[in-house]
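Okay, got some structures for you below.
Two complexes come next, and they have one chain in common, chain A, joined by chain B in the first and chain C in the second.
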Partner chain A sequence: MKSRLRFTLQLSFTLIVCLFMIVPVAMSVLAGLTENYFVGLQSGLTLRWVNEVWELYSDTIWLSIKLALACLLITTLIGVPAAYGLLRSRRRWANAIEELLLLPVAVPGLATALALLLAYGSYREFRGSWLFILIGHVLFTLPFMVRAVLSVMQTAKLPQLEEAAASLGASFRQRFFSVVIPNCMSGILAGALMVITLSIGEFNITWMLHTPLTKTLPVGLADSYASMRLEIGSAYTLIFLVMVVPLLVAIQWAGRLTEQRR
Partner chain B sequence: MSSSVSITLTHCSRTFAGGHMALQPLDLKVNAGETLVLLGPSGCGKTTTLRIISGLESPDKGGQVQFGQRDVTTLPIEKRDVGMVFQNYALFPNMSVADNIAYGLKLQRLSRFEITQRRDEAMRMVDLQGFGERRIDALSGGQKQRVALARAIAVRPKVLLFDEPLAALDAKLRDRLRIEIGQLLRELGTTAVYVTHDQDEAMALGDRIAVMQAGRIAQLGTPQEIYHQPANAFVADFIGAVNCLSVIATKPDGQLAVHGGELSAPHLLGATEIYCRPEDIQVVPLNQADIKGQVVQSVFLGQTQRLLVDAGGTVPLQIEAPSRQRWPNGTAIGLALPFNVLFHPDKPTTTINTKEMANG
Partner chain C sequence: MKAASKQPLGAASFSTRWMVLTVPVRHKSLVAVLALMPALIVFCAFWLLPFSRLILMGAEADRSSGVSAYLTILTHRQYLISIVTTVGISLVVSLTAVAIAGFVGFFLARQHFWGKAVLVAILTFPLAFPGVVVGFLVIMLGGRQGALAQSSLWLFGERWMFAYSLAGLFIGYLYFSIPRVITTVMAACDNLDKSLEEAARSLGANTWQVTKDVIVPGIAPALLSTGAICFATSMGAFGTAFTLGTRLNILPLNIYGEFTNYANFAMAAALSVVLGAITWIALSIARRLAGGNLGASA
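== the complex of A and B ==
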């Protein structure tokens, strides 16, 4: 009996905490689907606001996707070799570099953005293009790729596998592509999902670096909250959730895949 | 089968960062088709020697590695045409068993038909038929090492290198794989270098054994030579158990007085210590004994038992006795040590010495 009571209490506490966090999200989503939020649900459900957001802000969504994919490409091309280099280099150096890599994560995004503006702001063409924002995103997300790949590399016993491959006649290139890359694929996957999610949701750096022509999704979101009807902002949130939630689920899944490999 | 080559190491040493010299300058020749075992405790330089032969490490300046007449000192491992088997298998977890074995063949750009043929042949040789589609993590330790073996022999290397391949396996499996590796090596006739710290493995597999100690070769010889004529006390002790009897005095009649009795060993006159193997000591009636003592402990080993006999020395003597006989602690026991089983690796035999000892 006693344990039953305790179970009931625990369950209700958990549910209350969940509600506390989920209700605002649900309300927001609902607001984006309601005809008139101030009248309430009886005004009826509609996709009108979602449509309106799409018309007003679809270019921010496309830009965000383009940025995320470009960012993924660059962080993979730089991050995987970088992680491999850290793995093979001497311990003291590797530790120092790993910490340096974390700097862009620790430093406030606004400061990173300001530094970028100071350094490259005078190149007008570059300043106005989406590539400028891309630099900021790469700086911010690269450490996550390197860390994810490095942690898998460290458990994969790569040095031994490479020695075995070399003994069978594989050159460095052949070893890298047939042994190193396939055996840290789960780390690359986990890193990739992380990079995409972070890039799509990044606000601080982007907000400083954007121009009226290079707005990303989160920047557009802030814009709509500030200047549009509440329903439009909420509908925008809904679109953002639809894009990001599957990615978060995939990150979980990739993480479990990595653990199984160990 | 490709004709086998000899391996010659000339003046190969290896100094690691920090100045530690893992390998003293070493000259070693492995004959074509021979299996040479590098045997020794951890840190003796055996693995370093193997890695220098393989090309995974380079000797210090001045060292030279030759395969046959060819100088391969500066060639990296991938150009040396070796097959290597590692202690921890080092199989590629991203590939199936068949793909692991075919890996080296694909790198040689052989025709698809030949790859399949040689892969299957290698799998047959290590008794792995039907395992081709298995994932690596679905194999037992013994199966993994068979895959590693097949992968190494499939490329038909000039030289086969083994780095403690059985150390991670349990005793029974180890014995079985040891026999199979021995058969395989005889069948292939490839020059092989085999590193181990296990003396049984070394004696079963080696045409010759190099016992290594502190970065040097302490003795190089056939298993029989190493066991019966060890070059020094370290080798005697490392290969099998050995008793060491201190000579207390040399009698005028040439008998050597030791704790518990006297020994007749004309070939060892002047030695201060005498060695003999536990299995060479016979248990005899007390009135025929060279040495008398008391059983202090008997350790049952299954096929034999090991008696520890206190004959007055600092360390009890070890004796191998039939396993069915009972020897309660405290039993008085007589031991016979025929002169031909007594040896001393580095005895300083000089006539002057003998005289001095005989007089004093």
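== the complex of A and C ==
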């Protein structure tokens, strides 16, 4: 009897915390779909605000997608070899280098962005292009790719597999592309999903680096929160959620996939 | 990713060391260096070099006082108050989040009931919300047309608001901290040896004693490390603070203000370095304790 009561109390507390997490999201989604939020739901549901957001801000959405894909390409090209390099380095060196690569995540994005601006802001053309933002995103997401790939490499018995391939006469290139890469595919997948999700949602670095011509989705969000009516901000948030929630589900799924391999 | 970092590294490092003996050492390290090169070049050119300049720039003369900006921070109350406020609110948020979410995470890890998966999903999916969105959600709760304002208007005929103050900041930071703590605590509880609890129970310990003497010490490293991550994230949470109002006297907003409003680059640089140092130390402690899990992303 007593344990029953305890369970009920604990469950109610958990439900209250759940409400705290979900109620503002639900309110925001609803506000983005109601005709007039001041009047309330009786003013009717509409997609008008979503359309308006699309007209005003669709370029920010495309830029964010472009950035995320470019960021994914670069972090894969430099991150997978880097993870392999860490695997093959001596422990002490590997730890030190990993610690270094983590710095852009450990230090707030605002500081990273400020450093970039003060160092390279004077190159006008570079500063005005989307590549400037891309650099910030690559710095911030690279450790997540490296970590995801490295952790799979460490459990995949790569050294043994590689040695087997080498003893059969495989060159380094053959080993890398037909043994190393296929064996850490699940890590690359998990890292890729993480990189895309983080890049699409990145604000702290991007806000400092953006120009009026290079606005990303979160920058547009901040802009609409500050200067547009509540319905538009909400509809915009709704679009963001629709983009990010599937990615989150995919991350969970990929995480379960790598866990099963073990 | 979290599950991966839980894995002990011992086995892998053992076999790596064994490889060192069989493959010619020089060739092996050359491959490692070459593979690491592109990432290191990008890191040095676009982070290490700029950030080193930022550190030096902080030593230059501050615009208003004419003394080195680092010294100005130490001697001016305004900056000290801002640092203390930011550290203080981040500490309180981390402690609150660890207390609330530690409890909920433990409950969810140990109990099985219908609909649990839904609750876990609700509690963890806000992990990927950027700070700006969290700020907006706080406005939905405590802003001019927020839930609180509407219900208080209906009940008492006045609008109650908290969004545009330190209280709003607190709620926002709590919002993005809770999912982090819950995921970590649930993972830690799964790893906890259940037989210890059973042994304590069979020796006559009541629930409170089991919690105090077995469970909390068992997951203490996870609690401390996730708390440190929440602290670091809150310290640098520019997006949330920016959405809630630029007049609050906290570090990220001060840095932004010094840079854009006053073009006081030396002071902006010095404050950034101080902020970066604080979060880096906090996250290093977190990594020492938990051995994994990357840090601040809100």
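Basically, the second predicted complex is superposed on the first by the 259 of 262 C-alpha atoms of A that agree within 3 Å, B and C clash if a C-alpha of one lies under 4 Å from a C-alpha of the other, contacts with A are read in each partner's own complex, and residues count from 1 in each chain.
Basically, contacts are C-beta pairs under 8 Å (C-beta built on N, C-alpha and C of every residue); 3 or more make two chains touch, one makes a residue touch a chain.
As the structure is a prediction and not an experimental result, all values here were calculated from the model.
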* Asked: Which partner does A:174 contact after superposing on A: first (chain B), second (chain C), both, neither?
  -> first
* Asked: Between chain B (first) and chain C (second), which, if any, makes contact with A:243: first, second, both or neither?
  -> neither
* Does chain B (first) or chain C (second) touch A:157, or do both, or does neither? -> both
* Answer with first, second, both or neither: which of chain B and chain C does A:21 touch in the superposed model? => second
* To do: Look at A:63 in the shared chain and tell me whether it touches chain B only, chain C only, both, or neither; answer first, second, both or neither.
  => neither
* More residues of chain A are touched by which partner: chain B or chain C? -> C
* **First, second, both or neither for A:255, with chain B first and chain C second** => second
* Asked: Hey, what residues of chain A end up touching chain B and chain C alike?
  -> 157, 160, 163
* Within the complex, which stretch of chain A touches chain C? -> 6-7, 10-11, 13-15, 17-18, 20-25, 27-28, 31, 37-38, 77-79, 81-82, 84-91, 97, 100-112, 114-116, 118-120, 135, 138-139, 142-144, 146-148, 151-155, 157, 159-160, 163, 172, 187, 190, 194, 197-198, 201-204, 207-208, 218, 221-222, 225-226, 230, 233-234, 237, 240, 244-245, 247-248, 255, 258-259, 262
* List of chain B residues in touch with chain A within their complex -> 54, 56, 76-79, 81-84, 86, 88, 90-94, 103-104, 107-108, 148, 151-152, 155, 161
* Structure fact -> Listed in rising order, chain A residues that touch chain B in their complex are 156-157, 160-161, 163-171, 174, 178-179, 182-183, 185, 261
* Spell out the residues on chain C that touch chain A in their complex, using ranges where they run on. => 1-5, 7, 9, 12-13, 15-16, 18-20, 22-23, 28-29, 31-40, 42-43, 46-51, 53-54, 57, 100-101, 103-104, 107-108, 111, 113, 119, 122-123, 125-133, 135-141, 145, 147, 175, 178-179, 207, 232, 235-236, 238-239, 242-243, 252, 255-256, 259, 265, 268-269, 272-273, 275-276, 279-280, 283-284, 294-297
